[in-house]
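Down below are the structures I want you to see.
Here come two complexes built around subunit A, the first alongside subunit B, the second alongside subunit C.
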Partner chain A sequence: MQTQPTTTADLPRHSDLVEERLVRWYLIAACVYLTIAMLGGFLMGFQMIRYNPLAGIEIFSPGRWRMIHTNGVAYGFIATAFLGVLHWVVPRITLHPVLDHRLSYFIFFAWQVVILGTVVGIMLGEAQGLEWGETPVWIDPLAQVGLGLVAINFMAPIRHVKGPMYVTLWYFTAAFIWTFLTYAMGNFIPQYFVTGTSAGAIGGMFIHDLVGLFVTPLGWGAMYYFVPILLKKPIWSHGLSLVGFWGLAFFYPLTGIHHFLYTPIPMFLQYGAVLSTIAVEMVVTTVIVNFFATIRGSTGALRENIPIRWFYTGMVFYFLTCLQCAFQTTLTFQALIHFSDWVVGHAHMVMYGVFSQWLIGMMLYLFPRLWRTDWYSRRLLEWQYWLSAVGIAIMSADLIILGVFQGYMWASLAPWSDVIQFSIPWWALRIVSGVMIFASHMIFMTHMLLTWMKAVAERKQEAASNPSTVAQTV
Partner chain B sequence: MSVTLKPQSKKLGGSSVWTTVIFALLILIPCFVAFSNKLREFILLYSGQVDGVFAISPIVNYLLASLGFFFLFWWGICNGMFARMEEPKRDFLVQEWQLDQAQADYESKPDGDKNHDDISVYEQSARMN
Partner chain C sequence: MLEKRSGVFFIAGLFFFGLAFVSQAVVPILMYRDQPEKTAEQLVNPNVRFQMEDLAKRFPESFKEAFGEIPAVGPEREAWLNQRCADALRIGRKAYTGEACWHCHSQFVRPVSNEDRRWGPVAKAEEYQNELQRPVLFGTRRVGPDLSREGGRRSNDWHAVHLFKPNSLISGSPMPAYPWYFEGSPDKPNKRGLSLILYVQWLGSWLESYPYYEDYKASPLRSPDARRPSPAIAVTSEGGKP
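Entry: the complex of A and B
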C-alpha cells in the first residue's frame, strides 16, 4: 500500500481526515431507522398470528409495513450505517479526506430525503413493483444521483493510493461501482425497458446483487479493516483475501437467477445460477478460513472484546447462510422450500444475523472513540449481545424448520388452511424472538444515551479542572 | 500509546501458499469450464430459437459486469497491485496505530500549545498541489 508518510510526524492528523460529526450523525440516524424498521417487522409479525393492532387504517396496512420493514433495514439502517463507517475508514486507510466535506453533508441530507421519501411513498401506496426495490419511481433518480456522488466522494481519496492496495479498498471500490450499477439495473431496466421473463430475470439478479454486490463488499471490506485492528495483528493471508474478492467479483453477478428456478427462464441460465451460487460458497469458505486463522491464538478476544464477538458471530451466521444458499439453490431442494418460511428465515439470518450484527459491532467500537469515553456499562453490553444473538438464532431456526414442514405439507397436498393453522405457533415463537432482538436494540439505544451523557459529564469535569485541554468531541 | 506488531514471519508460510493455490484452483478451474459450457449453450440457443432472446438481458448484464472486472483485474496487474502481496496488511496496521498515536499526542496538548495556524502535513501537500 502507498503510505507516503513514513513517520508519525509525517502523518496527517486524524481530525484532518475524518469528519467525526458526520460519522456520529450517520450512525445515530441508522439506529433510529432500525428502530422504525423493527417496529414494521413487529406489526407484520402480529399480522401473521391474526392480530393487527392497526386494522382498518389503509396507510398502516400490513403489506405496506412489510415493505417499510425491508426497505428500512436495507436503506435506512444498513446503507446509512455503512456511509458513516466509510467516512471513518476510507480517509484513515488512504490518508486522504473525502473529496469534499460539504459534499458529504449534502449527501447526508439528500440520503435522509431518499429514506423518508421512500417511507412516505410506500405508506401512500406508491411502491414500485420490485422486491427490495420498492422505492417509489420518483425517488429512484435522486437515489441514483446520490449513489453516483457517494462513489465520486469516496473514490477521490482511493485514487491517491499507489502500489499494492489493501483488500478493504478493493472491496469498497467494487461496492461503489456495483451499487450504482445494481441500483440502476434493478430500478430502471424492468420499469422502463424490458418486460415479462426478462424483467423477472433482471429482478432476480437485482434482489441478490443488492446483498452480494452492495452489502457484502462493504461488510467484508469493513471486517478486513476492524478485525486486525482489534486483534492487534494482521489478517492471516492477504493473498487469500484477494482470492475471496476476485471470486466474488466474477461469480456473484449471475447468482440472482436462482430466485426464479422452475420458471420460463432458459434452463441453462438457471443451471448457471445454481453453479455460480455453489462457487460463491467456495469463495466464502476462503474468507471464513482467513478470518478464523487470524483469530487462532487470540480466541480470548471473543470473551473480552465485545465488537470482536459481534463480528465473529456474524461470520458464523454468514458461513451458515451461504452454506444454506448452496443447498437451497439446487433444484431438488428448491422444489421443497420455495415460497416457504425457510426463505424468510434465510433472509433474516443474512440481513440481521450477519450485516446488522457487524454494523452494531462497528458502532460499539466507534462510539467510544467518537465520544472519547468508554461504554457506560459492561453489563448492558453483555445483555445487548446475548439478547440479539439468541434472538436471531431462535428466529432463524424457527422459520427455517417451519419452512421444511410447510414444504412437505404442500407436497402432500395438505389443505392450505391446515398449513396456516400448523404455522401459527411457529410464527408466535418468531414474535418472541423478535421481542428479544428489539429489546437488545432498545438496550443499545439507551446505552448510547447513557454513554453520551457520561461523555458530556466528563468533558465538563475536565473543563472545570483544566479548561485548556478540552476537545470538542461530544 | 505504544503498540508493536505481534511477531509473525515476513514471508508467506508454506501452508498459506498452498491454501491459496488450492482454493484458487478449486474455484477457478471448474467455474471456468462450467461457464464456457454455458456460454456455448447460450450461443447455440440464441442463434437457433427466437425464445432465446429471454436470456439476453441477464447474460448481457453479467458479461458487462465481468468484463469490467476483468479490465480492473488487468489494470491491477499492470500497476503492481499484486506485487508484494502480503505487505499491505502490515502497512495498514502500522499506519492505523501511528494515526491514533499522533491524534492522542495532539489532543493531550494543552490548548495554548496547539498552534491552530500550524497546518498539518496533509494540508501542506494539498495546498502545494
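Entry: the complex of A and C
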C-alpha cells in the first residue's frame, strides 16, 4: 500500500520514524482527560435528577462542568488521542519522520496548556459563548497557532509522497487544513467580526465542521489504515473510497445551518443545509458498504480480534447516527425533536459510540506494540468491550426515545414541570448507562497499568538473561 | 488529480471549504448588512430601565455597593442610570455565558410546535443584531424553558429567589442553585447577581408584547379589588408553569 521503496532493505527503521514516547504520552493523556470529562457529564447528569452532591460550590457549577464535559471530550480526549495516533500512522505510511521531533514535543506541551487552560478558564466562569468553542478567548490564539504547527509538522512527511496517495492520506491532508480553517472561522469571526443571525450561521458551521471536517476525516483516515492491516487484505473497492472522500469533502461543509433550523436564518439556506445533510447520508452509506464488504469472509475477526471488534462496532453506530441524522435534519422531525434529549442521545452515539470506539480500538492495537507485550488479561478486554457497547446502546436509545416524548409534550403545551417530572426516570437511566461506560473506561485504565507493569517485569527479566538484546525490539 | 496531494489540498481542503463559507456565511452576512449592530448603550429601553430602577428600590444596599449612589434628579441621573444599565447588561451576559445558562435555555422562539403560544412572538433577525448577541446565544438545547421572552414575565424578587434556590419556588426543579451571586441570602444579590437578573429581564424587553405586570404607570391589569397585593403575584401564581 505504500508507493515507496519495496525491498525491506531500503525501508527506514521504525525507531527512526516514530517517536514512540510521544505516542504513549498522547494516548495516556487522552485517557486521563476522558476520565475528567466523564466526571463532568456525571455532575450535570446528577444535577438533572436533582441529586447534586456538590451543589452551591461555584467552581463545581454543573453548567460549567457541562462545558468541560463537551470540550474535554472533543479537545482533551478525541483531539489528543488522534495526535498520538497520527504520530504513529503518518510516519509509517509515508516512510518519513515528521518535520521535527522537537516541534512535536513543543506541540505536545502547548496542547496540554490549551486543554488545562480551557478547563481552568471554564471553571472560573470565563467561557466563550460559542458552542464547542467555550475555550476562553485568551486561549484561542494559542490553540490556533498550535493547529497550524500540527499541520506543518505532519504535512512535511506527506510532502515526500510522489504521485497518487493512499486513501488515509487524502483524509489526513484535508483534515489538517479543515481543522485549522474551521477553528479560525468559528472562534474569531462570530466573536469579533459579525453579529447576530449571520453569526449563528457561522456558529452552526463551526459546530458541524468540528465533527465533520476534523473528527470524521481523521477517524475514517485511520480506519482505512488500520482495518486492512488487521484483516490482512485490501479495502474492497477503491472506487467507493473515492466516492466517500469526495462526497464528504463536497457535502459536509455545506450542512452547518441544520443546527439552527427555524431560526431567523434565511429559509433558502436552511433548505440547502437540509438537502446536503441528506446527501451526506448517501455518501456515508457507500463508505459503510465498502468496509462491510471488506470484512466479508473474515467475520471471525470480530470475535478474535479485539481492535477490529471495536472498529466495526463504531461503524455500526456510525451508520445508525447518520441514518438518524438524515431523518432528524428534515423540518418535520426538527419541529418535534429539536432542543430535546433526542439530540443529546445523537451526540453521545456519535462521539462515544463511533469516534471513541475507534480511538479505543486503536489504543488497544497500539499499546501492546508500544510496550512490546500482550494485554494482561483477555477477560478484562471482554468486560471493557461489553460494558462500553451495552452502555452506549442503552444511553442513546434512552435519550432518543425520551426526546420524542419531550417533543410531543412541549407541542401539546403541557406545563414545563410535567415534562421535567416525566424525564427524570429516563435521566436516571442515563446515569446508569453512564456508570457502565465509566466502568468500562476504568477497567481500561487499570488494564493499562497492569499491562505496563507486566512489560516492565518482562524487560527486567530479559535484561537479566541477555543484556545485549534489550533495546533491539522493533 | 483526485488522489494527488495537490488535488486534495486545493480542491477539497481550500476550495470546497471556501465554497461552503461563501454560500453559508457570506450570504447571510450580506443579507443582514443593513442591520447594524447595536451597542449595549443603545439597547437600554424604558422597560429594562424600569427593571434597573426596580432593582435599586428592592435591593438598595446591594445596589449601592455594586453600582454606587444614584445621583439625585436631573439629566445626570438619567445618564448615570442608562450607563449603569448598559454595564450591567454586559456583566450579566458574561455570567450567563460563563454559567452555560444558554446550554439549558434557548433564546429563540420557533414558528412551529406551538412555541409562539407558550412564549410569545416568533424570533426575528433584527432582535439579534446587537452586541449582547456576539456570539449569538440561540442555543441548541432546552432543559429549562426558552428565555428570549422572559423579560417582565416575573418580578425581580422572584428571579432573586429562583436563582438562589430554584426548587424553593418550583418544587422538583432540576435547575442548579447559584448562591454565589448573593451574599448569603436572596435579598442580598451581589453585582454579578444584580446584573444577571437585569440581563434576564432585558430578554424580550424590546417587544411590543412586553408583559405589563409592573410598570411606572398603573398597570392596566390592576384589579379593582384594592386588597389584592400586587398584580405581579396574581399573575405568576401559576407557579412556574409557563
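As a working rule, the second predicted complex is superposed on the first by the 469 of 474 C-alpha atoms of A that agree within 3 Å, B and C clash if a C-alpha of one lies under 4 Å from a C-alpha of the other, contacts with A are read in each partner's own complex, and residues count from 1 in each chain.
In the analysis below, a residue touches a chain if its C-beta (ideal position, glycine included) is under 8 Å from a C-beta of that chain, and two chains touch if they have at least 3 such contacts.
Values in this document were obtained by computation on a predicted structure and should not be read as measured data.
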Using the superposition on subunit A, tell me whether subunit B and subunit C clash or fit. clash
First, second, both or neither for A:Y318, with subunit B first and subunit C second: neither
Can A:S15 be said to touch subunit B (first), subunit C (second), both, or neither? first
For A:Y33 in the superposed arrangement: first (subunit B), second (subunit C), both or neither? neither
Once the shared chain is lined up, is A:P234 touching subunit B (first), subunit C (second), both, or neither of them? first
Determine, under the contact definition given at the top, whether A:W88 touches first (subunit B), second (subunit C), both, or neither. neither
Could you tell me if A:Y183 is touching subunit B, subunit C, both of them or neither one (first, second, both, neither)? neither
First, second, both or neither for A:M165, with subunit B first and subunit C second: both
Quick check on the superposed pair: does A:W426 touch subunit B, subunit C, both, or neither? Answer first, second, both or neither. neither
Once chain A of both complexes is superposed, is A:A55 in touch with subunit B (first), subunit C (second), both, or neither? second
Looking at 2-10, 128-136 or 200-208, which bit of subunit C clashes with subunit B? 2-10
In subunit A, both subunit B and subunit C touch residues 163-165, 174, 177-178, 181, 185, 189, 194, 196-199, 201-202, 204-205, 242, 246, 249-250, 253-254, 256-257, 264-266, 269, 272
Help me check something: in the complex, which residues belonging to subunit A touch subunit B? 1, 3, 5, 7-17, 92-93, 95-97, 163-168, 174, 177-178, 181, 185, 189, 194, 196-199, 201-202, 204-205, 225, 228-229, 232-240, 242-243, 246-247, 249-251, 253-254, 256-257, 264-266, 268-269, 271-272, 275-276, 279, 282-283, 285-286, 289, 372, 466-471
In their shared complex, subunit C is touched by residues of subunit A numbered 47-50, 52, 55-56, 58, 61-64, 66-67, 125-131, 133-134, 158-159, 161, 163-165, 169-170, 173-174, 176-178, 181-182, 185, 189-191, 194-205, 207, 213, 242, 245-246, 249-250, 253-254, 256-257, 259-260, 262-266, 269, 272-273, 334-336, 338-340, 343-344, 407, 410-413, 415-417, 420-421, 424
With touch defined as at the start, can you tell me which subunit B residues reach subunit A in the complex? 3, 5-6, 8, 12, 16-17, 19-20, 23-24, 26-27, 30-31, 34-35, 38, 41-42, 45, 51-59, 61-62, 65-66, 68-69, 72-73, 76, 80-96, 98-103, 105-112, 120-123
Within the complex, which stretch of subunit C touches subunit A? 2-5, 8-9, 11-14, 16-17, 19-21, 23-25, 27-29, 31-32, 35, 37, 93-104, 106, 108, 110-115, 117-118, 123-125, 127-131, 133-138, 140-145, 167, 170, 172-174, 176-180, 240-242
